[in-house]
Structures are given as structure tokens and as C-alpha cells.
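The data blocks that follow each hold one structure.
Shared between the two complexes below is subunit A, which pairs with subunit B and subunit C, respectively.
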Partner chain A sequence: MNRIRKYALSALAVLFALVVFVVPFIFIILMAMKDKQQASLINFSWPTHFQFFANLIEVVQARDYMLLTAYVNSTILTVGSVSLLVIFSAMVGFVLQRRVAWWTPWVDFFILAGLMIPPAVVPTIWLLQSIHLFKTLHGMVLIEVAYNLSFAVILYRNFIATIPRELDEAAIIDGARPLSLFFRVILPLLRPVTVTIIVVQSVAVFNDFVNPLYYLPGKENATVQLTLYNFQSQFVTQYNLLFMNILLITVPPLIIFLFFNRQIVAGMSAGAIKG
Partner chain B sequence: MAGLQLKDLRKDFGTVEVIKGVNLQIRDGEFTVFVGPSGCGKSTLLRMIAGLEHISGGELWIGDTLCNDVEPRDRGIAMVFQSYALYPHMTVHDNFGFSLKLARVPKAERDRKVREAAQVLQMEHLLDRKPAQLSGGQRQRVAIGRAIVRNPEVFLFDEPLSNLDAALRVDMRMELSKLHQQLGTTMIYVTHDQVEAMTLADRIVVLNGGIVQQIGTPLELYKRPANLFVAGFIGSPKMNFLDITAGASADGLTSLDSADLSGARVRIAETAVAPGTRGTLGIRPHDLRLSAQGAVAGEVQLVERLGNETVVNLRLSSGKHWLAVLEGDAEVGVGERIGLDFAPDKAMLFDTDGQCI
Partner chain C sequence: MTAITAQPTRTGNGSTGRRPRKGAHYPGWFIMPAAVVYAILFLVPTFASLYFSLTRWTLFSSEFIGLDNFYQFFREPFLSQALINTVIFAAVTSGLKVILGLLLGVLLTSRIAWRGMLRSIVFFPVLVSTVGVGITFTALMHPTHGAINEALALVGIKGPGWLTNRYLALYSVALVDVWRGVGLATVIYMAGIVSIPTDYYEASRIDGATRLQQFFHITLPLVRPAMYTVIILSFIGGLRLFDLIWAMTRGGPGFSSDVMASVVYKQYQAGYYGLSTAGNVVLFILIALLAVPLSWFLNRRVTTR
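Right, the complex of A and B next:
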């Protein structure tokens, strides 16, 4: 009896996960394959005419290959901001944890403020304009770094606290200067947090819609999430193309997550510090 | 290789003074042990020598160089930490070679030096492993190997054996001793374990409260402790103490008065204490022997039989507890009243300031 209940509960859980996570995805795939007429019905049905590739080509070619530009932009934005984020926040976390001084509480305050106070859009645009970074991709990279820095610093700082200080001292005696101490000893030990931050932040930055909408207007600057916004007005009667677009921009984060998910688990179970 | 000279070395953390003026000369090739209870400043002193703590006052000379403001990497030292502090993400080989890599030593030479060190420590077969795959003793050896590779002028050890189990500690102690003979380098070793201090050291520095209590060879400290603290700290079990008043002297022997003593005499210079002087008598548990008419009598509270010797915990009539280590399997039972005696030249007298007379 007990065993039956246990399996029944497991089955129920699996079913629930299936409905919540897999069914919408299948719906997207099916919709992306339909023709215009069938797609306009917006129902969960098997496509009568498979025109997956035709839809794909049409979406890619739409608006002068905007989707491809958007992919390039989004990739630069994601890779750039996540790389800077990892390096800067690990460094800040390291200094804050290891070198406690009179200014540390102030830095703590600003980090928490960065988490709590919502960013103000208009002043930010004004600032970006005055330093000529508005409507530029590198300006956008800096914005993403700034918005996500607090969270990453807190994660890194707490993890660095678990690395014994004697390790730093051993490296210092071995002749390590501050930069080589950080890059050769500390940063490799931060791998589990780094992987977590890479996964969480790349997905967040790649999927970011609002910030590029405010700070990165212009057709040549579109990111993938913005193509969706543009297409939605254009393809309002062509749901098959809209869903094809959704499918195309959902796949990269999914791949990142599937790929790094193993690494997160491996990193956590390895217990890099102990011993 | 180099000796060290510490001149009035001081360290304070804000208003708290931890090291209160240490003067010390360590000879080239000497094995020096800093010993003292926890919080006495011995590790701080070592870290000041290593360059991990800033020196608040005084001078530190390593060889002919004034090292107060020299970076740790330029002091010609290597340090072994209590927690080993191995780099967990590097193999043993890379742990050994890390300092050479930082110094941009060519790969071939680095490899040769790593292998030499591994040979000294007999761990060539472990070079490809990561620290997590090693046992406690092996990790300890990696930490030592990392120090050897640097070919330092001074080795610093910060309680390196306290994480090991008792049996391994004895083995590693002997290995360290051998290593010192083999390398002949100056070594400074911090421990709170006086057995380690006694067995390893050429000279011991006893510290308490940031002040050097006594410097000397292990036997000097054991036989002629400078004060009550050293007398109580060196030797296991601890020395027994009793407050006394000095009596008359005759034939080089001075009689002692105390409620717990009858007819006890010690051999000290006749002029050293005038009759009526108050002080403290110190006598090591190993110097007591059973004697029905002995100078000290008390009730047995506890008997520990170790086979080769018997440790007896005795309550004197004043309520004070003494320990006696008796030869072999002494026939004493709990609750029994026994008498103990000691040879007059084995006892030590300390004045009211705790200094040895």
C-alpha cells in the first residue's frame, strides 16, 4: 500500500512537471510548423501542412534579416556582460571579504542598495547620453553588468568566506602578487559559483527585454527579445511565424542550461575546498 | 642559509599589545621551537617573521638583511601551515612547483626541482594526485615539500602536526628531525605541545603573554627552569608546587616549613634565602618516591596504571593536589594514606615573584 502511494505520488509529480514545462514547449513547436490558416485558430492540434522550413526561412529573412543581427547583438551583449560580471564581481567579493577596512560597510550598503532600489530609467538615459554611450552595445553591456553586479558580488563574497585565508597566505609566501593570487589560486576555486553565475546571468541577460527596449533603441541594435516585440506587431495575423520566432530565441538559453546544468551539479558535489 | 636576529620586536593590534619586546638570536642551522599556551603570541611572532603580520616595533634581521618591510616572497623563507593550505585545484606536482612557476623558472628546471623534493619526501608516486586524494600524513608531506622546493634560508612551521592523529604525529616528528639533519637549514617551529618541543628542538623559546620567559636547550629548561611558568609548562605531568617558608640552613641544605611538609629540605646556596623568606617549592612528579616517613603525606584520590609507571593523584592535608609518578606497578590503592619523599637536590625553590632561586 505504502509503495503504491509512493509511486503514485512520483507519477503525479512527473505528470505535473510535464504539464507545466513540456506542454507549452510542445505547443510552441507545433504552432511553428503550421500554416497561416491553421495557426490562426491557436489550438493544440497536429499540423495539417508541415511547413517548418518555410516558416524558418521567412522569419529569418523578415525585416532585412533582423533576427540574425539580433542574434549577433544578443550574443555580444550576453558574452560581454557575463564575462565582465564574473571577473569584476569575483574581484570585488574577494577584496571585500579579505580586506576589511573602514569603507567596507559603505560598500556593503551600496551593494544592498543596488539590490533593493529599482533602477531609474530616465536619469540613466540622460547619463548615457552625456557620456555618449546611449544606443551603443557597449553601453548596454555596462548597464547589464551594473544591474547584476550586486547579486553576483554577494554570491562570490559568501563563497570566498569558505576559502581558508591560509591558502592566500601560502600563495603570498610562495611569491604570488595580488593579481596572480586572485587569478591562479582564488578564481579557480570559485568554479561552482562562477558556473552558477554564468548560467543564471546569461539566461537573464539573453532574455532581458525591458532594458534593451529602453537603452538600446534602433533597428540595427535589436536584441532577440526585441525581435519578438517587433514581429508581434508585424505578424499579428501570422501566429505560425511568431511561434517560430519564439522557438528560435528559446533554444539558445535552453542549450546553455542543459550544458551547464551538469557542471553545476559536478561543481557542487566535488567540494573543491575541503581537504 | 641564514640566522635570525629579533631586536625588541613588538606587535600591537590597536591598543592590545600582543608581542611585548622579544629579543632573540637564532643561529644558522638551528632548530628553534617557540612554545607556550594558546594566545601567548607564538604564532603571531612566527607570522611576523614570515611577513604575514606587520611589525609594530623593533627590528627583524634575517641573515644580514633588515626585513621589517621586505615582502614575504623576498625574505627567503618558506612556511608550513597547520591546515597545510594546499591548493586544492592543483596536483601535488603543481603544488610543489607553484612558487617556481611564479618565479618564472623554466619548465625543465622546475620539473627537476619538484622531483628532487619528492624524492626527499619519498612521494614521487603521488605527484599526479590532487590533495583531496591524499591522507593526512601525505598532505602534510606535500606542505613540507612545497617549502623544500623553494630552497629557503629559513623554514617556518606553524603547529604542523596538530591535525594528525597521535601515531602519525610521532612518525612525522621523527621525519622532521631527519629532514633537519639532512637539509641543515634554520628551522623555526611553533607548537603548544611541549613533547614536540622537547624532542625536536636544539633550543626552545618559552613564551607567555607576549614575553619570552626563557630560552635554552630542552634539558636546561627541564632541569633549571627560570621561573614558575616555565617550571609548570615544561615537563609532563606538570610540576607540583607548594607555598613554603624557608627555615634554617645547615650543610648546604635548607629546611622548609609548610603545613603539608614535615622535615623537607632542599639543596640551595645557603646565602640564597634568609630564614623566614616566603616562596614556592617545586618538585617534579617523577622525582617523588614512596616512603612511609616521607616529607609529604596525603590521601590517594586516583591511580592511573600505565604498566611501566603509576601516576598517583594525591590530596595533601591542606586540600592541595599533587601528582606523583612512581616506578613500575606501585601498590597503592584509592583512599589509602601514603607518604612521599624527594631528594634535596631535585627540589626547586621560587621566590614570591616566581623566579627560580
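Right, the complex of A and C next:
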């Protein structure tokens, strides 16, 4: 009796989850397979003319292979900013956790400010222009680093608190200088949280739409999120291509999710709770 | 500060001479790379915004006009509407995420079949492109052809124009934001629920407590830290949201679903840089007034150092 009830409840929950959370993704896939006429109806239906690969090719070729350019740009942006973020924030987290100095309260305050304050858009553009970083990929990399520092520092600081100080002291007695103490002893020990940060921040930067929209305008600079504009215009929207594009830019997060499911969930919840 | 400190070979372990010793091994300049990037690209624009919000500004020249931009925000109906919408949107989305996330969190930590798969399904939308989600739901919410209204028609309900009705558009977008973000709330709750000692549940079961009593008297009080986190995260996120609204309604119909972040973008596009920056400052003040007192609850829990 109890088991029947348990399975009925489970079945109900699964059914609900399927309808609410899976149907939208099925819709994306179905739309991506349709031809132009049927897709323009934007209803939930089985494709009559199956043309998945024709759509795929057309999306990739659209506007001088803009999607490929965007993929290259997004990859550079993601790899560049996440690498800097990991090094910079691990260093801050390390020193911040290990010692109390006159600047400690300030740093704590700025970490909180970084989490809460919305970036001032136009002044940032003004500043980027004056140091010649506006519309450049490396400027964008630094922006992503600046905006995501707080979250990464909090994660590192909390993790470093679990590493015993005796380890530092042993290394120091063996004559390790600060740089080798950090890079040779501490950083390797931070691997679990580093993997988490890499995964979570990669997805965040890859999915970022707002910041490239403001700070990286221009066709040759497009990142993958901005390619969604390609098939939407004031007058006509090619829905089959639009949804194929959505499908294509959803693939990288999906792959990361399949491999790093546990790290992502752990990182997002741990960082949030302890912060 | 670090260069002049004593030689690190003097490894006394008492509290005397604590600071120079630490300064040598944990040098302050370690924070410099991060601090420089953060200060230049985040702090300088933030402080500059306080000045530029008081000006009529073209990026090349700025004319000081006092608080005119701010007056405009409260005088122009479409701007003050955005202010109200922002608060409504943040309150609705964070409220729903707090409740639905808790229910899902309890469900997905209970002994339910296919638990792992369900967790993945609920969480995956968090990782998907927000603009992609917005476009997808705009299609699903189409008044005549959209799947939602077609499904409602099957059971004889005439669905509303989710995004074309100006009283409904903001709430429709809020629902989509909940769909997208509830997975994050759920995993935060799950982490909180898992950390509750099982002894409590066993003891209460021996005393004859029902599942409902266990929920209200054990789970709910002990999951409170996770709940505060969900409230603050989703509230701030709701106040700052831009991409979903931009992808779904662009603030329309009319200005009925405009929020502060979309106003900032629209004024920027229109070339009113001073007004746009004032919008940023208003949003900043809004967050400071609403979210900081809220987060005070959470920050009583001090991090270990």
C-alpha cells in the first residue's frame, strides 16, 4: 500500500517535471527541424518537412559564418576571463583568509558591494573608451573578471578555511617564499573548488548577454548570445533558424552539465549559503 | 607594507610580532591584481555614475543640471512605472522561488523514485541561455498559436494574451523567470535540508509526529539560513534583471513591463546618457534600501577566518 502510494507520487512528480521543464526543450528541437512556413506558425506540432541539417547549415553560414566567429569570440572570452578570475581570486581568497590587516574590512565590504551593486553602464563605456578598451575582446575579458570576482573570492576564502595552517607553516619552515607557498602548496590543494569555479563561471560568461551587448558591440565582435539577433528583425523572423541557433548555443552548457553536474550544483549552493 | 617586514625565518608561534610575520608569508600585494581590475572597471564607473547622473551628458561633454534627471524619473509616468514594476517583479519572482523551491527541495530530498533525474531536469534551465529561454517562451505564450493557450483550449479555457495584455505581461515574464531560476533555489534548499541531522526526524517519529508536523516543526525552522539566501539572491537578481525582459517584451506593450534595467538600456540607446546613468543610480539606491536590510539577516552568520 505504502509502496504503491510512493510510486504514484513519484510518477506524478516526474510527469509534472516532464511537462513543465522538458516540453520547452522539446519545442526548441521540434522548431529547429521545421521548414520556414511551418515554423512561422510557431505552434507545437510535429515537423512535416524534416530539414534539421538544412537548417543547421543555413544557421552556420548566415551572415558570413557569424556563428563561427561568435563561437571563437565566446571561447576566447570565456577561457581568458575564467583563467584570470581563478588566479586573481584564489590569491585574494588566500591572503584574506590567512591574515587580518587594516584593509580586511574594506575588502569584505567591496566583495559585498560587488555582489549587490549593478554596474554603472554608461560610465563604464566612457571609461573603456578613454583607456581604449571599448569594443575590444580583452577589455571584455577584464570586465567579466571584475564583475565575477566577488563570487569567486567568497568560494575560495571559504574553501581555504578548511586547509590547515600547519601546512603553510611546514612549507615556510622548509624555506618556501610567499609565491611558491601559494602556487606550489596551496593552489594544488584548491583543485575541487577551482573545478567548481571554472565550470560555474564558464557557463555564466558564455551565457552572458547584457555585458557584451553594452561593451562589445559590432558584428565582428559578436558573442554567441548576440547571434540570436541574426534571425529576428522588425518585420520578419525566421523561426526555424532562430530555434536552431538557440539549440546550437545550448549545446556547450549541456555538455558541461553532463560532465560536471555535481560540481555545478555543489558550487552554486555552497557559494550561496556560506557567502 | 610588505617589503619592510622582518625576515620569515623567525618562526615564533606566539602572538608577539604576529602582524609582520603574517605580512611576510601572506603578502598584501596578493590582492593587487584583483584589486586593480576591480577598482578601475567597477569602482571608478560606480563613483563616476554618482556625478554623471547629475548631468546632461554626451560622453564628450557634460553639463551639470543638478537633480533634474532624478526629478524626471518620478515625474514621467513611464519612468516611475518602471520603478514600481522593478519592485513588483523582484517581489513576485523571489516569493515564488522561495515557496516553490522549498517544496521542490523537500520533494527531491525525500525518498522518491528517479530522484537524480528529476534533480537534473529541474536544475538544467539555470544553465541555459536566458535569451534563448525568453524567445522560446515568447513563442509558447503566443496568444493564438502558442502551446500554452492551445493546451488550455483543449480543456475549454480561452487563454489570455500572456505577453500582449498590458496588465499581464510583467507577470508572465516573472513566471518564466521563476521557471528558469527555481532550480537554483531548489539546490540551495536541498543543501540546507541535507545538513539537518536525521536524529531529529527519527526522534520525532518515535514521538508520533506526522510528516506534516515534521515539515513545520523541524524542516522549516532549520532550513531558515538556506531560505534567507534564496530570498536575497532571487530578490537582488529580480531587481537587476534585464535579459529576460528584453528578450520577451522589450518593456512592452507600451511601457507596461519596463523595469529599471530596461529603462537604462533604452535611454542609453536613445543617447540620454545622463538619464540612463541616473537610472543606474536609482537602481543602486533601490537595492541598497531594500536588499541590504534583508541581507542583514544572513550576514549575522560570520564566515570563519
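Definition applied: the second predicted complex is superposed on the first by the 256 of 275 C-alpha atoms of A that agree within 3 Å, B and C clash if a C-alpha of one lies under 4 Å from a C-alpha of the other, contacts with A are read in each partner's own complex, and residues count from 1 in each chain.
Heads up, the rule we're going with is that a contact is a pair of C-beta atoms (placed from the backbone, for glycine too) under 8 Å apart; a residue touches a chain by one contact, two chains touch by 3 or more.
Only a predicted model underlies this, so the values are computations on that prediction, with no experimental measurement involved.
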On the A-aligned overlay, A:164 touches which partner chain: subunit B = first, subunit C = second, or both, or neither? first
Counting only touches as set out at the top, which of subunit B and subunit C does A:57 meet: first, second, both, neither? neither
Just subunit B (first), just subunit C (second), both, or neither: which does A:261 touch? second
Touching A:251 in the superposition: subunit B (first), subunit C (second), both, neither? neither
Taking the superposition as given, does A:185 touch the first partner, subunit B, the second, subunit C, both, or neither? first
A:15 in the overlay: touching subunit B, subunit C, both, or neither? Say first, second, both or neither. neither
Considering only the touch criterion stated at the top, classify A:172 as touching first (subunit B), second (subunit C), both, or neither. both
Touched subunit A residues, subunit B compared with subunit C: C
Residues on subunit A lying within both footprints (that of subunit B and that of subunit C): 169, 172-173, 272-275
Which residues, counting only subunit B, touch subunit A once they are in their complex? 50-52, 72-73, 77-79, 81-83, 85-89, 98-99, 102-103, 131-132, 134, 139, 146, 150
In the complex, subunit A residues that touch subunit C: 6-7, 9-11, 13-14, 17-18, 20-24, 27-28, 31, 41-44, 84, 87-89, 91-92, 94-101, 103, 107, 110, 112, 114-129, 131, 142-143, 145-147, 149, 153, 157-158, 161, 168-169, 172-173, 177-178, 181-182, 203, 207, 209-210, 213-214, 224-225, 228, 232, 239, 242-243, 246, 249-250, 253-254, 256-257, 261, 264-265, 268-270, 272-275
Subunit A to subunit B touching residues, read off their complex: 164, 166-167, 169-176, 180, 184-185, 188-189, 191, 271-275
If we count contacts the way the header does, which residues on subunit C are in touch with subunit A in the complex? 8, 11, 19, 22-28, 30-31, 33-35, 37-38, 40-46, 48-49, 52, 57, 59, 107, 111-114, 117-133, 135-137, 139-140, 142, 145-147, 150, 179, 184, 187-188, 190-192, 225-226, 229, 233, 236, 239-240, 242-243, 247, 261, 264-265, 268, 273, 276-277, 280-281, 283-284, 287-288, 291-292, 295, 299, 303-305
